[in-house]
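Listed next: structures, encoded as structure tokens.
Below, chain A partners chain B and then partners chain C, in two separate complexes.
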Partner chain A sequence: MAQVAELLQYVATGLLVGGVYALMSIGLALIFGVMRVVNFAQGDFMMLGMYLTYFYALSGIDPLLGAVLTIPPFFVLGWVVHRGLLARVTGGGDPQRQMDAQLILTLGLSLVITNAATMILTPTPRGIRTAYATQAFAAGPILLNQARSYAFVMALILAAAVYVFLTRTDAGRALRAAADDPEAASYQGIDVRAMHGLAFGTGIALVAAAGGLLATYYPIEPSVAGNFIVLMFVAVVLGGLGSIPGAFVGGLVIGLVQSLTLLVLPFQLQNTGVFIVFLLVLYLRPQGLFGRRARAV
Partner chain B sequence: MTPRARGWLAIAAIVVAGLVLSFVVQERYHHRVLTLVFLWAAMGLAWNIISGYAGQISFGHQVFFGIGAYVTVLLVVKTGLTPWIGMAVAVGVAILAAVLIGLPTFRLAGIYFGLATLAYPLIFRIVMDWLGYQEVAIPMKRDHPGWFMQFTEPRSFDLLALGVLAATLVLSRVIETSRLGYRLRAVKENEQAAEAMGVDAFRAKMTAYVLSAAPAAVVGAVYIHAILFIVTPEAVFGLLVISQTLVVSLVGGIGTLWGPLIGAAVMVPVSEVLDTTVGDRLPGIQGVVYGAALMLIMLYAPEGLFWRIQQTIRSRAGRRAAAVRPAITAPADELMASAPAGNVLLEVRDVSKAFIGLQALSEVSFDVHEREILGVIGPNGAGKTTLFNVLNGFLVPERGAVRFCGETVTGLRPNVLCQRGLGRTFQVPRTFPRLTVLENVMVGALVRAGLADARGVARDALTRVGMLDRADGLPGGLTTLELRLMELARCLATSPKLVLLDEPLAGLSTDGVDVMIAMIRRVRAGGITVVIIEHTMQALLRLADRLVVLDQGRRLAEGAPNDVTRNPAVIEAYLGKRWLARAGAPTC
Partner chain C sequence: MTRTMPRTLALTLALFVAATVLFPPPPAPAADDVKIALVAPLSGRWARQGQLKKMGADMAIEEINSQGGIKALGGAKIVLREADAGDSVEKAVSAAQRVLTREKISAGIGSWLSSFTLGVTEVAERLQVPWLTLSYADSITERGFKYTFQTSPVSSVQAEQALELVTDLAKKNNRPIKKAAIVGDNTAATVFFFKPLREKLLAAKGIELVVDEVWTPPLPDATAIVQRIRAAQPDIVFYGATNFPDSIQVLQKVKEFGVKSPIQGVGAWLVTPEYVKALGKEMLDSIQTVVATHPMKGQEEFVKKFTQRTGEPFMTQDPLCTYGHVWLIKEAIEQAKSTDPKAIRDALAKIDLSSGPAATSFYPNRIKFDERGRRIGATPLIVQWQGGEPFTVVPTAVATRPVAWHK
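Right, the complex of A and B next:
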């Protein structure tokens, strides 16, 4: 009985963390799905979102609200980055080379952001102190950390909002059309470049908000990006590159795997479980759990 | 002087220049910069073998750098083994790791490959942490400093690093000028066309990966002894190692040994100078400079400095050549009186292939005889190209069998089929855009010939199709007819018994069609069996001995052109039912 409770405790913890992973992965999946860009700098925008939430908190705004308030500025930032950088290496040429160019561009951006943040914000880790960070809800024998629970619920709400936006609004439909077939979409009067800007802005805004939620219980430091970008890649590949529901489920699964790995492996090896799942998925089902199979020839 | 000799001489000049520099330079700090330039150039060159020549962008190449560092240092710490031997052990371990990583990873294409390579150094980092090797310092050996690679004279490290660089340059040069080099470039430019021309892409990539792992391990080992002195997982498996490798390679240009050399000579001193001048106040300045360099190069010269310059020169030369070259005219016809009724060369038996929701081929059977020209016709979507993809091994049929020269070949890879004598061209010509016309054809010739002979074979093939005067241009400057002729030459250079030509007449002018038809007749007159796909009946009536008609994945008719064109089922498929009534009425 005690073992069952322990297992449930690990599952619950994994799911709570996974909810925030899911939100950040959705942002990455949206960008890949619409633009075919693997954004290496996604983790760095998350880190910046954490810092913005931290500064909001210093001026008295609760981080759960602060996380939501990161969305407008980061949407604009994402839009600007797309227009100023990515749009300039997009269009024409061999798609594989274009993809490599975009990936390397975002890798460069990631290096600049991480190191510039280290210079300006110093490497000292910071934290946001809230009343609920150290409290827990008790559900029978299982304890749910309050900060993580609130972050989880907020992540679900934001993910649902994205889903509604993509399926129920004209802009969302145009975005999906541009993702499916940019050429056909442009013949229907859809401005594909604007759609890419919208997707990149939204993707960055989502990961910044996820960072804000994460900041309620995770130390804030410039180098935090590296730990999370890989988790996002794994979640997105797991769900099938570019699939939004896939990325959501992928994020939850990563949280679960991370948490359950602790049952069998020591703490330092927490992420090996994640990487093993990642490589297994790549080898056995590279189209992911939700993705469409790529054409053979 | 031949270009070959010039290449070696240039490498010798680099090494001499390096030697001179290391003896001119006096300050300890300048020696350090020099050592770093040599080492990062060598690391860039190592990465360039798999990612430049073979085009498989690896984001995890620091795995081998880290293995080199850890294995050498742990051997000193645990067994007292000299790093000079430890380095050899490390190379062995790195090669083993490359094989173990490559076997599953090269089954992934494109972006999946790049993402998968990210995971390996992260796994190594975690495992090293867990094993308790968060910090391993090289033990001081005051008695035999040279034996343990612990020189006090900084020039010694310069020379050691220069030696590593020289060896990597030689390795790169050997690869560039070998069969493997041509094959890798073909795989990079168009993997499927390379496969169809007899290149075993998987094997070529694995070879390149192993060859690029070895120098990376040596660089890692030397770097630890010359620069770091303490191994940590972050320092050798971390993102900064691969970033620095990418920066020196991409800034200079990939796919050539000059790229990483140029990149390292420019970027390493810049970042070192910044680090010493403002590094104390701004600890992340190196990362910012590397990141900014990557971004700038992708925005303004994504090919890298070396290629930017070379491409400009080449395209100018190409334009001048284009102005003077004469048009290709049809060669004299070498008609045969009648189709020879040779032995059966290719048997297709009940072949079926379905895609999701679409039966592309169902139970298609026919024979191809030696030295005949067989036309495969059918409306768009009849399954013609799918048939070719099955015949040359791109697709494996669900049912049925293909026999070639009496042996069952169903399920064999395209490169194996090409080696057995089955060549093909593509509906949309698939070239290797950055190889010259001659080099394109050489890739085909390499199936049977060594590098020395391949050039001659390729020249012969180009002469046969009347394209020799275009040999040194790039495919980008060719007309549609010339592209199709180049593909034909590339296919002929593989010395095929049978060629599959996928719509060789599509997009050609009337004159072009005449040239192509004459060429195809010549090919057959040379003893090669030809199977052609076309959807225009007209042209095939002039060319083919027999026709096979496909419609909606089924064989509708087979026989002499005149019989087939009178077949009611064929008329119906092509023109609709109403035409059938008219065709039945006596003409004239």
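Right, the complex of A and C next:
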């Protein structure tokens, strides 16, 4: 019985950690899916989202609300970054065009944001002190950290909202059309460039919100992106490049695997489990869990 | 595209102009200035420690220069050349390479994390520049290097002495230590601290090791680790989480799970001001850590000067050590009467100081190095959080507060 409880605790912990990974990853998947842009700066926008939530918290706004309030400004920021920088190098969604330029651009953007944050906000780590970061809900023998539970529920709600937006609204359908076939979409009167702006803005807003949720229990520093960016990419590829549900499941899987790995491997090899699963998925299902075969050339 | 190019160009130029105005390059030193290097993490996850080190170096340089510079060299001023060690050994090594080859550097200091120092001192050794470090790892001074000087007690000595001190404290408080836990990351200083504990020291004292968990930073979640501590209920937790987010996650979990075992840290990373902001002072109370140095009795005025100048709430090992290092280099140059790195190295190897700002920055107040470059008699201090501030509590001769054992 004690062993079952322990296993359940590991599963619960893994899912709670994975929920926030999932929200981080769907923004990245959306951007890749629609624009074919690999955004290396995604983690840095997350870091900025954490800082904004921190400053909201200083002015008395609860960080869970603050995380949601990061969405509008970061949508605008994402849109501006797309219009001002990315639109010049993405070549209208054609994956064969100017790939190098966009990789260099997003990588450069990442370096500029990290170092500007180090200069302006100083490297001193900051943290939002919330009562729920150090309290747990008890479900029988299983303890669920309150901050992580709230973050998990919020991540689910936001992910569901994105899903509804993509499948039930005209703008969402236009976005998917622009992703599937930019040329045909533009013949149908869809402004592909505007759709790219929408996708990038939404992707950035989502990762900023994920950052805000993370900030309820995780310290904030300019270099925080480095702790998460690789996992985000793994989640996106695991789920199937560009697939939103895939990235969400990918994020959850990573959290679960990280946690369950500890049952068999020492802590030092915690991420080894993630990469073993990653390699297995790539080997057995190269298109990822939710990817479409059609894309494989 | 072509139409927008000039605009982009203009914008880039404007940015450059703004950058040069906002962040001007350091003023060119006069010909006879003495240049010393500080290679420390100024970006990445350990940037805060680099920032603290720089505060100490700046304070010492300002004092030395305002008191007439280096007298043996006709009042030559000291100039600091800092290089960013970043967040990896490779970056640290290339930073050292860059700063030491670009111009003549008389001596260097760095690089906080033992893993970085191991790489950086190889560069210094090759280029024959004397190097002072506060890093703890034993291996730093086990390679037969001639240019490396370690002012801190090495990790294995710290482990031995810390264990001695805490078992003694526990016994005095009628809570003898029977079970211990080892929890921390796998950076060099922590590894060297844990190794002797695990291999012989705990067993020699009849203490059972009940939890032994080491991770690679960053730690995704601390639940499993703290769960194991809670299940085993050790009488002491030896704790080494140098990466701030990892440490915060562990300590938050300790509170969440109601773990009562006393925490004995390994290093000065556990007593930085940001812990108070992230966790609150009540949570930190009575957590203690073993450090290479910390402000001691009699340094109150000096600490006040530091806090006034930097806005930091208190002073810790990193600025204090670097302050002492700059003063030590100054003393060595006075004795060498030269800016030549080799002459300064020889002076450092022979130096024997027991007063002045360099000596009082370390415990005991004497600086003399053995043939390996280790400071003879270097003894760690125990620092304890009390009411949101870390105080030296052991040894009692230099303690600024009496120790409070865990309730």
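Everything that follows uses one rule, which is that the second predicted complex is superposed on the first by the 282 of 297 C-alpha atoms of A that agree within 3 Å, B and C clash if a C-alpha of one lies under 4 Å from a C-alpha of the other, contacts with A are read in each partner's own complex, and residues count from 1 in each chain.
Note that in this section a contact is a pair of C-beta atoms (placed from the backbone, for glycine too) under 8 Å apart; a residue touches a chain by one contact, two chains touch by 3 or more.
Remember, it's a predicted structure, so these values are computed and weren't measured experimentally.
Aligning the two structures on chain A places chain B and chain C in a clash.
Once chain A of one complex is fitted onto chain A of the other, the partner contacts of A:R88 extend to both chain B and chain C. Of the two partner chains, chain B and chain C are each touched by A:G226. By the touch criterion defined above, A:L282 reaches chain B but does not reach chain C. Once the two complexes are laid over each other on the shared chain, residue contacts for A:P72 go to neither chain B nor chain C. Judged by the touch definition given at the top, the superposed model places A:N271 against both chain B and chain C.
When both complexes are overlaid on chain A, the residue A:T114 reaches chain B and chain C alike. Contacts of A:R129 after superposition on the shared chain: chain C is touched, whereas chain B is not. Contacts of A:L103 after superposition on the shared chain: chain B is touched, whereas chain C is not. Of all the stretches 95-103, 239-247 or 275-283 given for chain C, the clashing one with respect to chain B is 95-103.
Shared contact residues on chain A (touching chain B in one structure, chain C in the other): 88, 114-115, 118-119, 123, 222, 226, 266, 268, 271. Every residue of chain C that touches chain A in the complex is listed here, in rising order: 1, 4, 23, 42-45, 47-48, 50-51, 87, 186, 213-216, 218-221, 223-225, 227, 244-245, 248-249, 252-253, 255-257, 274, 277-280, 283. Listing the residues of chain B that touch chain A in their complex gives 57, 104, 107-108, 110-112, 114-116, 118-119, 122-123, 126-127, 129-130, 192, 239, 243, 246, 250, 282-288, 290-295, 298-299, 302, 389, 394-395.
Interface residues of chain A, counted against chain B in their complex, comprise 38, 85, 88-89, 96-97, 99-105, 107-119, 123, 222, 226, 230, 233, 237, 241, 266, 268-269, 271-272, 275, 278-279, 282-283, 286, 296-297. Interface residues of chain A, counted against chain C in their complex, comprise 9-10, 13, 17, 88, 114-115, 118-119, 122-127, 129, 133-136, 143, 145, 217-219, 221-224, 226-227, 255, 258-259, 262, 266-268, 270-271.
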